[in-house]
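Shared between the two complexes below is chain A, which pairs with chain B and chain C, respectively.
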Partner chain A sequence: MAVHTSQSVVKAAGGNTARGRSRGTGTPPPAPGRIRRGLSTHWYAWTMVAPVVVVIGVIIGYPLVRGIYLSMTDATERNVARTIGVNEMPATYKFVGADNYIEALTGSQFLGTLGWTLVWTVSCVSITFALGMGLANILNRRIAGRSAYRMALILPWAIPGFVSVFAWRFLYNEERGLLNSLLGGVGVDGIPWLNDPTWAKFAVIAVNVWLGVPFMMVALLGGLQSIPSEQYEAAEMDGATAWQRFRHITLPGLRPVSTTVILLSTIWTFNMFPVIFLLTRGGPGEATQILVTQAYKFSFEINPRDFAQSSTWGVLILVLLMLFAVIYRRVLRTQGENW
Partner chain B sequence: MRRGITATALVAALALAATACGSDGKSDGGSSSGELSGTVTWWDTSSVGSEDKVFKKLAAGFEKKHPKVKVKYVSVPFGDAQNKFKNAAQAGSSAPDVIRSEVAWTPDFASLGYLAPLDGTAALKNQDDFLPQAVASTKYEDKTFAVPQVIDSMGIFYNKKLMEKAGVEPPTNLDELKSSAKKIKDKTGKTGLYLRGDDPYFFLSFLYGEGGDLVDAKTKTVTVDRPEGVKAFKAVKDLVDDGTAKTDASDGWENMMQAFKNGDVAMMINGPWAVADTLTGKEFTDKDNLGIATVPAGSAAHGAPQGGHNLAVYAGSKNLEASYAFVEYMTSVESQATTAGELNLLPTRTSAYAKKEAVNSEIVGFFKPVVETAVERPWIPEGGSLFAPLGIEYTKVLTGQTTPEKAAKATGDAYRKLLDGWK
Partner chain C sequence: MTTVTNTPARHAVPKVRLRGERSPLASVALHLTLIITSVIAVFPVLWVLLTSLKPAKYATTTDFFRETTLVNYTDLIRDTEFLTWFANSAIIAGLSTVIGVFVAATTGYAVSRFRFPGKRGLMWTLLITQMFPVAVLIVPIYNIMSSLGLLNKSAGLVITYLTISVPFCAWMMKGFFDTIPREIDESGEVDGLTPFGTFWRLILPLAKPGLAVTAFYSFITAWGEVAYASAFLVGDENLTLAGGLQKFVNQYGAQWGPMTAASVLIAIPAALVFLFAQKHLVTGMSAGAVKG
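The block that comes next holds the complex of A and B.
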């Protein structure tokens, strides 16, 4: 959404300047264009905004352009320019066009990783949403110690992500972890949480759900509280069952909130680097590697560092997420929802 | 309004940060006055809690000798050091002046231009005194880029009490290993062997044991996917499948050391670098309980890899002179005698073996012949890169995600992609 708006603003601004200039070549002194009028009255605001524009241009625009460029070369650690003390090595990488993209999209590695990334995203988002919805409904009632529960449930959100993930890593340890000692206590064999590909997938999803539920819960709780209670009272008068009230009042009432949180949560989960990286490093083998962790690996972990392939994957991730956002909006719009 | 202020503050902060980075330059080692000065940042990768104490003490000794030089000791976990150094060196900032570089990393760093050539500097003294196999990994294109600090190989560490209780001797080959493990399980309930599943370096002795190798540098041929390689993958899988060995794909080192130190496993394959840490365990308060023997042979040979660590100087160091002197000091006969005596680490200088500290160390005595017959690895720039693809396939075999045949083939394919023009 943000991308869309900013583009249209830029386009409108560009159009105006062009029109203003072409008019300006005529003999009669031109009436000040919208831009110029805007500048003269709001010059103060423009000056204030300029640093932000510059900073954004430097920290987002430049890396993006550079990344797209690198993805069309064969740049690696061995052929990029570098100066280290007396050693000066010029760049020797060359432009290869779309080769990297063709290789990524026709090889098995990108598609295989994409497959697991999709499974990971869909399961994390759906489980988080379902749990968040359940907890929000429970907390929306008048129950004793409600604020205490709420605090406890928001806690995972307050702890820095890497601390939680390391705590989980201790719990999951096959030999010395708490989970397996508990299982051992009731006579069940220890589970190889992070050492078996299937269990490792389960383990990373569980941690991400644990981290994601508080956000879902708080957002949905806010949504629930904005549904007028008269609607429930009227429904009750008409003899609607609890399920009917949930389906026909709660769900539609939550729609604006839930569509937004699902979109956000999908984007976050798709790129959820710390959980995978700190818990399993993508292992065992490559079983839990998602697109971003693999792209990081190309650029910072393998030898020699493969900058070209890493940027190719980065650009593909960006394209996939933008496509997703556009399609998601389209689908919602055709369903008659405007948000 | 508020936003404007935030943005200005941000710009100001960025500008500050930029100038701060720019003015990072410390004094330049000032050798003109004849006396060394400045700061030498040293990344040490030795194990924390045991080895690092001795190295810190040694570094302090250097400061005493050169009062104007400050050694900034930084302990970097071995597993992260290669990546950390490469990323810092590439970025041109926050790289240390001196790094303890594993033997396989050295030619890689050198070929990328990250290391300062040491020929003719103060770092290299009495070169003829070094063991030839230790020197091999420090050369790249006929220049010397590092000084050997320690040399090592691998053996099988065993818990004497547990072995006695089970009535077994240290195994000399894989079949004996399996039958001993069964007896250990029956008599003591403990697992026979801990096999690291997350580090392919520990796979090498099995690969060499079957007569295989990763690559043949002389003929530029990839050899890991030959039948010997497949047999090696099968051998390790067998050990895990039949319960001879425990393994772990995520916290291998920690779990291995804990399990062995607590007496939960009777044996592990490891090197002299692990001795100091092992002796801190409760099973080894009596030092004599630790036994070390040659790695069990595969169907072809006793194959232990030759490893070790070098000290190398970062080419972008601001204190080259002080760094050279520091490297020389840390690899001197006296320093090597200290580490041999206190940590049982193997010196790289012939004359250090004659020192009483080395002579008195049983472990140094045990490993010396092992090192002499250890399998030398190919000292090519890509030597360190060979482990990443191998590690993935090795873990996949142990966790049942692939077969030994497929793993060998996948590793070979990855090597051919990595090594341009190799067969």
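The block that comes next holds the complex of A and C.
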């Protein structure tokens, strides 16, 4: 080991100064012997993470900074730099400071969309979690045909999302979809699944729950199987009822898994682009438009494309999600969760 | 298929937990719940499969079987750009996966094994970039691609998908590396291997299943991506499957025949692979996520 590292110490020192400067971590020089060893280890680690740092910096960091900048300009399709034929048109948009943010936060469109986005997220996550928990508990019992049931219940997760969404569009079709045909069969009038604001909201939530339950179920099932069976046996000896066992063993035992899946699925649902975009395009009107699809609409569906507005909404979404994640962690921590 | 997949599932089941006796009525209720939910889970998929096998004129009837035919499939392949879209999707998803896994592998290892200044920041960055909504990056990336002349090109989309796959792969591979005992690294050190040598000769071969699952999952993610693909690609011959499928169903009408046939051709291979890989997939995700 020593033979191998002695050679790299020189490089390590060089590598570290370069990196240290760019990362802004000025390490005070302690005893030379210790830092040598430390540096050679860090040199390895930093070299290993370098590709990801470069990729993140170049294709995520730079666009992110640019996006934040765009959100403080009045950039639209008409005034960004573009090429028309052989003519290069320079960018003519200008800096407008916080105007876009003030406009978004004081206008009704952003807040209205945010309201529905919250309803959408909370209902999707809570229904998905409840169903996933119920199914996981059933599948965790000794029951005939368990593997077959498990396989069937996982299927929605295995199908590419956009394919499933089109399958649902087919089922929801107002005139000839299967759901309305079945309703017609029992003498009920067809429901305008995707053309009535209320039904459309119901329809998109149903599809998202259908898509999300398998992940929830599988994750919770994994959590259930990691709870030691002795705990249940002890509780049974003490004569605890099924509900008491669920309440005092299952739920606490599932906490690490459930806090994680709830956080993840909240973030995923909040940003769930394909379901809304492919099922209703935010319609009818703007009834099912969530923040992400509306931000997309600003830059890719209206004319002229409003890049500034879109970026503003994008930044606001990110801020909201990060706030949520921070608060969520803090709440867990005050409840004594080591997370 | 069920027979094959049943076996590992049964092996993985831990010892039976006896929790009181269950009445026959409770058993019936449990089975009934499972049957109903299974039907709801499977039916939309099954219905698309059945519809794809019907001639177009019966596409919207409720009959399960009537004149089974493959005409939708032959039409799809002969008259549309389906194969081109399929190839585009495969190339774009494949490249972004390979590059993503390649770039991220060492990072997953470093984050799993070493303590180094900047590690916490990097972990946070990896986590936060996964909650980036597509809305934050799509406009700037669109403008950058436009100025580089990469819009409507596969390369542009591959680069864009790296923003999703690189942080994800690094994060997930950390989870897999965490499950490999540290004693192996130590034995490598004893044998005089550098950390790179240990990683390359000892750990990477052991992590192959993990790499495969990560690669598979990031492939599926890119395969099913809608927002960037819809915004960056235009023109029939440049689309990916997610864009192509939208062609069949728009506000002016729906061609359910080719739509359902295409859905089946996209979904069945993905679903088969998924169902075989899911055991490892879940382990990896929960390892990465829970230990976070």
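The working rule: the second predicted complex is superposed on the first by the 290 of 339 C-alpha atoms of A that agree within 3 Å, B and C clash if a C-alpha of one lies under 4 Å from a C-alpha of the other, contacts with A are read in each partner's own complex, and residues count from 1 in each chain.
Here, a contact is a pair of C-beta atoms (placed from the backbone, for glycine too) under 8 Å apart; a residue touches a chain by one contact, two chains touch by 3 or more.
In this text, all values refer to a predicted model and were calculated from it rather than measured experimentally.
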Which superposed partner A:Glu174 touches (first chain B, second chain C, both, neither): first
First (chain B), second (chain C), both or neither touched by A:Trp116: neither
Contacts of A:Gly285 with chain B and chain C, given as first, second, both or neither: first
Partner chain in contact with A:Phe202 - chain B first, chain C second, else both or neither: neither
First (chain B), second (chain C), both or neither touched by A:Tyr328: neither
Partner chain(s) touched by A:Gln225 [first = chain B, second = chain C, both, neither]: second
Partner chain in contact with A:Ala81 - chain B first, chain C second, else both or neither: second
Touch count on chain A, higher of chain B and chain C: C
First, second, both or neither for A:Pro160, with chain B first and chain C second: second
Contacts of A:Ala148 with chain B and chain C, given as first, second, both or neither: second
Residues of chain A at both interfaces, chain B in one complex, chain C in the other: 47-49, 51-52, 55, 82, 169, 173, 176, 300
In the complex, chain B residues that touch chain A: 1, 3-4, 7-8, 10-11, 14, 82-83, 86-87, 89-90, 92, 108, 111-114, 116, 197-198, 246-251, 255, 258-259, 264, 314-317, 320, 382, 384-385, 388, 392-393, 395-396, 398-402
Sites on chain C touched by chain A in the complex: 2, 5-6, 9-10, 13-17, 19-20, 22, 27, 30-31, 33-34, 37-38, 40-42, 44-45, 47-48, 51, 60-62, 103-104, 106-107, 109-111, 114, 116-119, 122, 125-126, 128-144, 146-147, 159-160, 162-163, 166-167, 170, 189, 192, 194-196, 199, 220, 223-224, 226-227, 230-231, 241-242, 245-246, 249, 254, 256, 259-260, 263, 266-267, 270-271, 274-275, 278, 282-283, 285-286, 289-290, 292
List of chain A residues in touch with chain B within their complex: 47-49, 51-52, 54-55, 77-78, 82-87, 89, 169, 173-176, 192, 194-197, 280-281, 283-287, 300-305
Of all residues in chain A, those that touch chain C in their complex: 1, 3-5, 8, 23, 25, 27, 41-42, 44-49, 51-53, 55-56, 59-60, 62-64, 66-67, 70, 80-82, 131, 134-135, 138-164, 166-171, 173, 176-178, 181-182, 185, 210, 213-214, 218-219, 222-223, 225, 229, 232-233, 236, 242, 245, 256-257, 260-261, 264, 267, 270-271, 273-274, 277-278, 291-292, 295-296, 299-300, 307, 310-311, 313-315, 317-318, 321-322, 325, 339
